[in-house]
Structure formats: structure tokens, C-alpha cells
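One chain, subunit A, links the two complexes that follow: it is found with subunit B in the first and with subunit C in the second.
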Partner chain A sequence: METTSTLEKTLRLLALTLVVIFFMFPIVWIFLMSFQTNETILRIPPQVIFEPTLSNYTALITGKLTSAAGTLDIAFMKNLGNSVFLSVTSVALALVLGVPAAYAFARHKFKGSEDIAFTLLSFRFAPPLLVLLPLTQYFQWLGLANTYIGLIWVYQLICLPLILWIVRGYFEDISADVEYAYRIAGHSWFATFRRIALPLAGPGIAAAGLLAFIFAWNNFVFALVLASADKQPVTVGALAFVTSSGIQYGQIAAAIVLSVTPTLALALYAQRYLVEGLSLGAVKG
Partner chain B sequence: MYDKEKDLIGAFMRGQMGRRDLLKGIAAAGMTTAAAGTLYNMMATRALAADFDWKAHSGKSLKLLLNKHPYADAMIANLKAFKDLTGIEVTYDVFPEDVYFDKVTAALSSGSSEYDAFMTGAYMTWTYGPAGWITDLKEWINDPTKTNPNYNWGDFVEGVKNSCAWNGQPGGALGSEDAKQWCIPWAFEQNNITYNRAMFDKAGVQIPKNLDDMIAVAAKLQKDVPGIYGIGLRGSRSWATIHPGFLSGYANFNEKDLNVDADGKLSAAMNTAGSKAYHEKFVQLIQESGPKDWSTYTWYQVGTDLGAGASAMIYDADCLGYFMNGGDNKMAGELGYAAFVANPEATQSTPNIWIWSLAMSNFSKDKDATWYFLQWASGPEHALFGAVEMDFVDPVRNSIWKDEAFREKLNKKYPGYVEMFDASAAGASIKFTPQPLFFDVTTEWAATLQRMVAKQVPVDEGLDQLAESINRQLKEAGLG
Partner chain C sequence: MSGAGLQIKGVDKFYGPVDYGVHAVKKLSMTIEKGEIVALLGSSGCGKTSTLRMIAGFEAVSRGQISLAGREVHTFAPVKRNVAMAFEGYSLYPPLTVRENIAFALKASRLPQNVVDEKVAYIAKLLEIEDILGRYPSSISGGQQQRASLGRALIRDADLHLLDEPMGQLEPQLRAVLRGRIKHYIKEKGLTAILVTHDQTEANALADRIAVMEGGVLQQFDTPQMIKERPANLFTGTFVGEPPMNVFDATVTVSADTAVFGLNEGVRLEYAVSDFSPAVLAELRNRKKVSLGIRPYAVRRAEGGVPAKVSVSQWLGDQTHIAADFAGGTMVLVEHDRVRLGLGDTIALKLDPHSLHVFDGETGVAVSHGPELA
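Here is the complex of A and B:
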């Protein structure tokens, strides 16, 4: 019995190790690549032992990329800044608009409420390219083309439906009795929303915000079509390393490491917050 | 100050002194190369201004849409000269090549007036031109009040210039009398051989003389040089797989993509006996000596493998070989170049070409000012600057190819490049039939090639199926 148990444990450990290696290998490999030159990356066969260099990170941070065609200017840090700015502001705006709307849809059933909610969700169904060309024309007429405000507005197509539908579900799961009790004590509906509903739905809002941030961060096509080169996010900027004079694998790897860092940090932070929020929830079974 | 140096540069510009003598004189005067370059640009700008009212649009501003490319870098490096010459302010957006044409298409199809001029390939103008998104430039080229007398339109390589002109009729000959000049060629790429000299020496082989020889040479290289494959070729499911070496060799056997009958109707020409024989050999070449994951190969992989020493040669863009011979590529300085004549009965190489060109947006708010930029950017002075000082290869002007300094630069760093160009430039042109279904036809052609290489379908059967499908599409589009 004990032998079987030890064997089972060993096999389980082995299986887990293989799964971790399988999933972590590309990430670790990219991390290692970010400290190598193109020459060492392209060595045949690939080698794990190499002399590390910070040149890729230096190139990204200084904006000077040395390639076969000479020294090229790259705007990766600007792209990274754009991604942070666009994602943060878009998610913030979507939270400001979406959380009260989600609460209204969850708590107040009114005529056409489902239709409105579904219409907002349908923004997620539309293929971006289908709406982008008409949007380009509208933006030009409105003077919103090539502006951060215009982009943040368009990013609501990504963020708002996500936040609205996820947070609505959380509000619906919270017992309305707690809010009624607070209202009976003489508090307004807004105070109830702010002091009772929002804290209880905190983990859900955090999860929705995180998800919306990831989707906004990964968006590629909106800024590409609607904005100039100086407002492009990191998803477009990262392609600059594929040059006519060769692919700059080292810089691509360093760019990946730098560009996943904010999302990873946010995910780790939100994970802790989610656990806290769940364990401190007022309504428990 | 600098009077003596100015005299030297002035003599050089008047053709009274060679470049070597100029450099000697500059060095003797104790002037640095950088300072001499600045002085040269300043004097070239003044010389240009002497014959033409370059200031006619002073104070205006233009915006360009550019692809991230050494050609664009060369222009940006010299842009101050244009601003000084014309007083026109120029701003630009540079986008990576992977997304560049999406950006161009979005800007043009939405009627955006944001960009006045942009970089394009000649193939793309077959869509942009008939759609009314770009302007026929003949009106400006032929107007002496708008084009400076030194522009010298006749200086452009004939096949390249003609390849950028089309009358808009499906199947219409490129460069015909009634053709519209949709874009101005800027620099171009011929598809020829770039090879690894050390690997060729090791295997004891010579540059392939024809397609049969290429099959044998590639196989021997793969066998005799450990850890490499014989020949780098593109294989992704895209028009770009057909356009480089494949079509260049195909055209050398006088084979065509489409037939055009007397009524202007189009039909597929890929299933002739000659075409089938060519396909058989090309498929054999890929199967025996191509990269293992050939069907995913774009020019990125073809170039990277050559630069990293993973392949012995490529049959692809000459400038891809040019760039792989420099920078931090492992094989930098190890590569050689040669024109390739696939057909043993042909006397000359007939490379299909990719042309990076400049086009004017039909939605530009100031077309005259835009033309000022286009004629400067495609003019002889900038072409010489780009070719000698930067990596503006292959130049589209014959005069640049005759320039001693440029030839010397190539001969020093890129052995065989000049000879390759001289041997194939006369036969260089776009070999595709211009028509609106260009991308559909070529993508399906590439997909069929993939199936043949994967042995999913025999060559003759695959080509018959391809021809049938293309004929159906042409009929549905009212072209066949």
C-alpha cells in the first residue's frame, strides 16, 4: 500500500514537473534570449551556456537599434508608455461607466434593460475591421482621429462590455437583503451602492478590471488604423524589430519581457486582492 | 572659410573631377568626411535650386506614410536637404512592414487626407489605382513648370519604370502608351542567387548555371556541408512565395501566369506542358534541398538562415543577400552574388522584381507640393546620396549604377553584386499579369505549390485543378 502511494506520489510529481516545464519553457527561453545577441541565439545547435549581455535592453531603453542597416531609431519605450496610458485610462473610464451601469442592470429591472445590456455586449461580437473603416471617417469628421481621447473612446468597445457583464453577475450574486437593511436605516441608494454593493463586489470588479486591462493591452488593430506612429501601443511597436535587414530576436525577446511585466505585476497584485476580497466577503454560506 | 573645399566640390559637381580626386583634395585640405558631406549637401541643394523654383511651395507642410525600411531611413537621413531646398515642412509616420499595408489600405479606403504621399509596392497600385485612391503622376512628370529640369525621367531603369505604369485594363501591358504612372520607382529588388562562398568552396561546386544544375548543386551542398540545407526559398501560403525566385525562373522559360486573348479576356496559363515541367523541377528542388519547414518560410526566414549560415544559398531578393552580408550576421562578409538563368536555352536572366515606390494619395490636400517631395525623393541627387552613403539598393537610376563611388562600395563589400546587376537588369521587370485578382490568384498558386511539395497532389493534376479554379474565379469576376 505504502509502495503504491510512494509510486503514485513520484508519478504525480513527475507529471507536474513535466507540465510546468512544458508551460514554462517558452517563457524561460524568451527570458534567456533577451540576454543574448542575434549571433548566439541563431547558433546551431542552440546553446544554454552563453555570455549574457544587456545590449538588447540598452537598445530598447535608449531607442537605438543596431542592425545590418546601421543604427535605427526605435520607439519601443514610447510604445510601452502608450500601452500603459491607453490601457489604464480606458479601463478606468470603463470602470467609472460600467460599474454603476452593471449595478443598475442587476438591481433595477426596467423596460428594455435586457436589450440595452445585450446591445452593449454585442460590441464584443463585431469584428473590429468591420467597424474600423466607418469609424475612421467619423473620427476625421469629429476631429478625433489620431488623438488619445479618440483611442480611449474606441477602447471602450473592448473594456465596457467586459466590465459591465462580469460585474453585473457579481452584483446579482450579492443578496439584495443586505442593501435593503442599509436602506431601511435611512441611507440613500447611492450610499448603499457605494458603501455596501461596491465593497462586496470588489473581487468581481478587480477581476473584470484585470481582464479588461489584458484585452486592452493586447489590442492591436484599433490604434494601428486610427492613430499615427507616435500613439501606437507596444503590440504594434514590437513589430519594428522585424526589419528588412533581419529579425532582431534578442530585442524581440527583451521587448516581450518588458511588455509582459506590467500585466504580470498587475495580475499578481490583483490575485492577492481577489483572495483577500473573497475571504473578507460579508455574505458567506 | 572653406572656399578651397567649395571649389573642389563645385568641380566635382560639374563633372570636372572624379570622386577619388575629390576625396584626396578634401583630405589634403584637412577637412573631415562628415564636414565635407555637409558641405556637399549644401552645395548640391544650391545647385538644384539654381534651375528651378523650388521655393514655390515654401511654408507648406506634408505628411508621409513610410514603411520601416533602409530606403525610408536613407530618405529621413537626407530630409533636411529637402526642407532647406523647398521650405516645405515634412512629417512622417513609420510603421513596421508586417502591418504597413494594412495601415495604407485603411488610410486610403477611408479617404483620409492625413497622408500626402506614401511608400508602396507596384503590385498594390493595381488595387489602389483603379479604386481612385492614388494619382496618375504623368501629369506632373510631363509638366516642365512643375518638374525640375534635372529630374531626368529617362534615367530610370526601363523595366522598372514601366512596371509602375498600368492602363488599368486587366491584362494590359505594363508601361503601355496609355498607361498611368501610378507610382515612381524608388529602389527595387531583383531575384537572383546569393550564396555562401565558403560552403561552395567546401563542397567544390560552382554557381548553378540553370535549374537542373541548381537542383544538383543544392543537393551536393546539403550532402557535403554538415548541418545546413541546400537552398533557401519562400513557402508560405502567400503571393510572396510565387513572386521571388519561383516566378523569375518560371518567366525565364517563357511561361506566364495568365493568358490574355484578343478580347482582353484572361485565362490561367499554369497548366501548360512547359509550366508543368518547370513545376516538377522546382518542387523537386524544394523537396530535396529546401528548408524542412519550407511551407512556413517568408523572406524573414530565408534571409535569417542565410545570414546565420544555415543555408548555402538563396534564390530570392538580391538586397536580402546584401543585408545578410553585413551587421551582426554570422555570415557577414562571406556571401557572393550571381545572376541566375534558369532556362539552359535562355541567354539572359529575367528576374521578377519588387519595387518600393512612392505614390501620391488622391486625397492629398496639396498635390503640387507633394510632387515637389516626390521628385526630390526620386531625383538623382538623393538617389546618389542614398546609394553611396546609406543602403539604398538597388537604385532605380542608370546614372547611379554608373557612379564610380557606388560601384566601388559594392565591389569592396559585396563581391559579384555589380556583375549580378549588370547581367540581369535589362531583363528585370514585373512578370505578373496586372489584374485585380492578383492576390487571390497568387495565394492559391502558393497553396497548390504547398500541396505538391507535401505530395498531397501530383504536379500535373494540381496545376489542372489550379487552372480550373482560377478560370472560374476570373469568369465570376467578369475577367475571363
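Here is the complex of A and C:
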């Protein structure tokens, strides 16, 4: 048993507190900002005590932004809906395509398999802006610019490599003999994939899906270039708060809180599931 | 020869491109009768597990054919081969209990639930895992997992049962008990089984015939007794048997009435020509250099024998192992009584002609066992 002195304990607590403050401060500050008007936000020196208002949230939810210069329409809720739709369908598609591919790369070494897998990963290396210019041209020719299908397709550049490489690792960790044991007991390879490999890699697939969802949700530049107002996700939609009559800090803060909530909730929910799944797994024999 | 068993014909296994990759199994041919238990015995990397996996269908056969129960199966998917297997790494399904794991193997045969329960209970009793049937693989010991895995293989009614190191993790007492029970079970149900092992005691106890493999080549395929008494070559001779066979290089001179083996350090072993059959003598005349082998149990201490200096003498509780400096090498002998010998004591050793194994000095192929031709 290690004995720790009171001094050591205090120092540890202090260090921990500093780290928590460092990371949590911006989030807490934004959360507080979302309940203030522009006037109270921009007061100097800033004050922690203020009269909270829900006006920012009502403005976002009703879509009517009333400022000194008049009333402005904000498509925030529509943007939020776009974000959910784009991220969910992109991740779903990436899972449908990526998980079987990951299984193939993990289990079957064929000529060029490493090269193909690496090529898929290399999509993540290219700076998005470099890809976007020609892509915009092509999408316009193909009629895919400013369509959900086009966006979901481009989002695969983000989701697919991520899922492929993470899930592949999980499949490789499952002892092939467990699958062989199932196959020799009279089951086809597809049944083995569905009944043995998929459930055992479940936590890994969930983790990969979650990560891909966060990356897709946070994507800015693809949607900025390839989507117009009605297809934009929140990341791009937030630009609308920079108006001719000033920057609407309160609404931005409220928008951030609203747009972070789904990912945060998902992460918290999945975290519990992930830990459970990983500790139950114990596949390696 | 019954067509119902397993036939392996000229099978090659290459990892990597055929003819250029790693040649793991070389021109393997063997026939296993229905109802026979065969052990594949060899050291690590000898090709025994590759052979097993080719039979199961997890590895492609690079060349040759495998037929089972009259069907050519080497191109079939594992599911179509009707083979059961116990894996070295157990490979139990983690989300299922031990009971479900064992019963799962019967799922494809669609038996009524009460028959499945009965079979699981029977096999669990046989393998002494009744008390862990409700537990999950991750919560039981390696030995228990191994028995569960063995149960999962044995419960099936397959044309062939493949057991990869089936008892490696069990404690010695249990292993001895289970060996007997498993053999009885396999024989009673008329199953055909191949077990892969590097433990020769296990191979001897379980198998009707043993296939000794080394370097991807089948060295000998015979009954345990024949392998011990008539090893086909120097490798089988030294690999099978505990303690291993003593081997000495020798020159051989056959004259009108004597056959003389000249060992290192001037040790001469002289025998009468009547100790060997004329065919053996003819073979010995054709050779200058041979390897002379003798089992430790066959070496006798006797008056007038070749002197040797004791270097180790160990009482194991039921027998004494003695090692002595002999002809520039070490001669190991086993005595069934307690022998009190000090280091450096001189003993006289006699090698009876009927327990001599002569191998070709270059190829290692057996020339003679005792007085008879190999």
C-alpha cells in the first residue's frame, strides 16, 4: 500500500482542479453566455452575475432574430435537422460499407489488400480544400452539388476510413479460431460474420461509429462549399449570426449549446456501453 | 481398405506462392480407417497443425487430395466437410455459457431439446465440468476452457474429430483419467479421430497409430509399439521414447565370424555373425559408417562390458537414471531399482545385439533392428 502525504494529496487536487478549469472554462462560459443578451455579454469588465434570459433560445427555435436593425430569419432549426440527417445517414452508410470491408481486410490477405486499405486511409491525409475545388466542378457536372446525396457521398471521405481502420483492428483482435469453430459446426461464413464476428466486434463498431459521427457533425468546410442555405448543417449555419448589424454572441452561444448537446448525450450514453462491452469481451484466448 | 475413413493423397502445403513459399507440409499421404484414433506427433512447426487445418478446411490444400467418408472434401468449405474440431486456443464463444457453447455444436443437427440436454449432461460428466456449465468462458480456468472446448467437439456426430493439443492445459492426474475416458468414449461411439500433440505419452495412450512428422515430412506412421521397437529412421528413434535413445556414430566391419562396430575413443563392440540375419550382414557389409542406437532401458550393466564413467545418477522415486561417459558421448541407462553410484564410478556396460538399432550413417534410415532387417 502506497502512502501519500497530505501535501502530495493537496498538490494532486490542485493540479487536477487546474486541468478541469482549463478544459471546462470555455464550455461553462459559453453556457453562461447563452443566457445573456449581447449587452451583458459585452460589458467590461465581464460579470458572472446577470439576469438570465431565454431570448436567445426562443429566437433560435422560432427562427426569428430581432435585433436593432430589424427582424432576421434564421434557419437554425433547419440546420440542426440537416446536421442530424447528414451525420446519421453518412455514418450509417459508412458502417454498411466499412464494416464488411474491415472484416475482409482483417481476415483475408489478398494481393494489394494493404495498398487498398492504405489508399482509403490516405483520404484523411489530403487537405480538404485541395480536394474541394475539383470536387465542386465535378459535382456541378454530375448534378450532385447542393444535394443530400452529394454531401453524404463527400462525408464518406471522413467516415469511411475512420470506421474501416478502427473496426479492422477489432476484427483482427478476435481469434480466428472462434469463427472457425462456428463454421466447422455447420454454419456458412456469412452466418459466422453475422453471429460471431459482428457481436464480438460490437463495442469497437460502436466506438468507430461514434467517432465518425462526431467528425461528420463537426465538419465545416465540405458543407460550406458544397451546400446552399437549405442543406447546410449547423456548423455552416452558425455563420448567419455574423450579421450586418453586429455579431449575435448570445445566439451563437445558444446555438453552440444546442448543437453540442446531441453529440455530448451520445458520447455519454455510448461511453457507458463501450466500457461495459469492452470488459465483457475478453476475446483473446 | 475402407473408403469410409480419411485419405490424404500427396498433399503439399505452401504458405505463400506454390513452389516458392514456405513448404510446410511435403507430399503427405496417409490413410486413416473409420473408427481409428491417430496421433500426429512432432515438435513445433513440423506441419502437424497445418495438416489438421487443411483437413478441417481452414487452410487451402496447395496440391493433392483429401477425401473423407468417400467424398473428396479438400475443395469444400468447412461447413460441408462434416468434421468436428477442438481448438488449441479453446475458441469458446465468449457471450455464451459453457452449456450453450457445448450445445451450440448440435444446433445445426436440429435435435429436440431434451436430447441435446441429455447429450450435454453426459459429456459434461465425462469431462468433469458439470459444475461450471452455467458459467461464462471468461470466468473459468484454462483447463476448464479446454475441457469445454473438447466437449464441444466430442458431442458432435461428425465423420472425423480433430483434436488439437486437446489436453495440454490439464493437470497430470486429470489428464491421465480423461485420456482413458475419452478413448473409451471415442471407441464406444465408433468415432474417427486425429489428435495433434507433442506429448508422446498422450499419443501412446490414446492413439491406435501414431504419425511422426518432422520438417513437414511424415517420418513414420505405425502403431505405438512398432514406432518404439522399429523406428523407421534416426529421427523417429530419438524423438519417440523417454529418455531418448542413445546414439553413437560407428564404423562397421564384418568379417567371416564377427561383426565389429568401432566407436569413438577406441571403443569396440564385437558380435558374432550369428547374432544378425544374413540379410542384415549383407547390408552392414555395404556400409562403412552407421549410427548405432540403443534404448536406455536396454542398456545392461554386466561383468566384462565396456567401461564407462558415471557423470549423473538420479533416483526418480521409481527408477534410477544414470548417465555415463561412453565412447566420447553420453550413454543414458535406466535401472528399475535404486542404484547407489557416486560420480566418477566406473561401470561396465553391455549392449545386447537384439536391442541394437542400426541406422545408415548418412541418410539416417534404419538398417536393422536387433537381428532383423528394418
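Quick note on the criterion: the second predicted complex is superposed on the first by the 278 of 285 C-alpha atoms of A that agree within 3 Å, B and C clash if a C-alpha of one lies under 4 Å from a C-alpha of the other, contacts with A are read in each partner's own complex, and residues count from 1 in each chain.
We take it that a contact is a pair of C-beta atoms (placed from the backbone, for glycine too) under 8 Å apart; a residue touches a chain by one contact, two chains touch by 3 or more.
All figures in this text were calculated on a predicted structure; none of them were measured in a lab.
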For A:147, decide between first (touching subunit B), second (touching subunit C), both and neither. neither
Now for A:244: first (subunit B), second (subunit C), both, or neither, which partner does it touch? first
*asked:* Output check: A:199 vs subunit B and subunit C. Expected answer is one of first, second, both, neither. What do you get?
replied: second
Counting residues of subunit A touched by each of subunit B and subunit C, the higher count belongs to B
(request) Please indicate which partner A:89 is in contact with in the superposed arrangement: first for subunit B, second for subunit C, both, or neither. (result) neither
Which of the two partners, first being subunit B and second being subunit C, lies in contact with A:183: first, second, both, or neither?
second
Contacts from subunit A onto subunit C in the complex sit at residues 175-178, 180-189, 196, 199-200, 280-283, 285
Listed in rising order, subunit C residues that touch subunit A in their complex are 56-58, 77-79, 81, 83-85, 87-95, 104-105, 107-109, 138, 145, 149, 152, 156
Within the complex, subunit B is touched by subunit A residues 37-39, 42, 44, 66-70, 72, 132-133, 136-137, 140, 145-146, 221, 224-225, 228-230, 232, 236-237, 239-240, 242-247
The answer for subunit B against subunit A in the complex is residues 68-70, 73, 93-99, 102-103, 106-107, 109-114, 227, 300, 303-304, 307-310, 319-320, 323-330, 332, 390-391
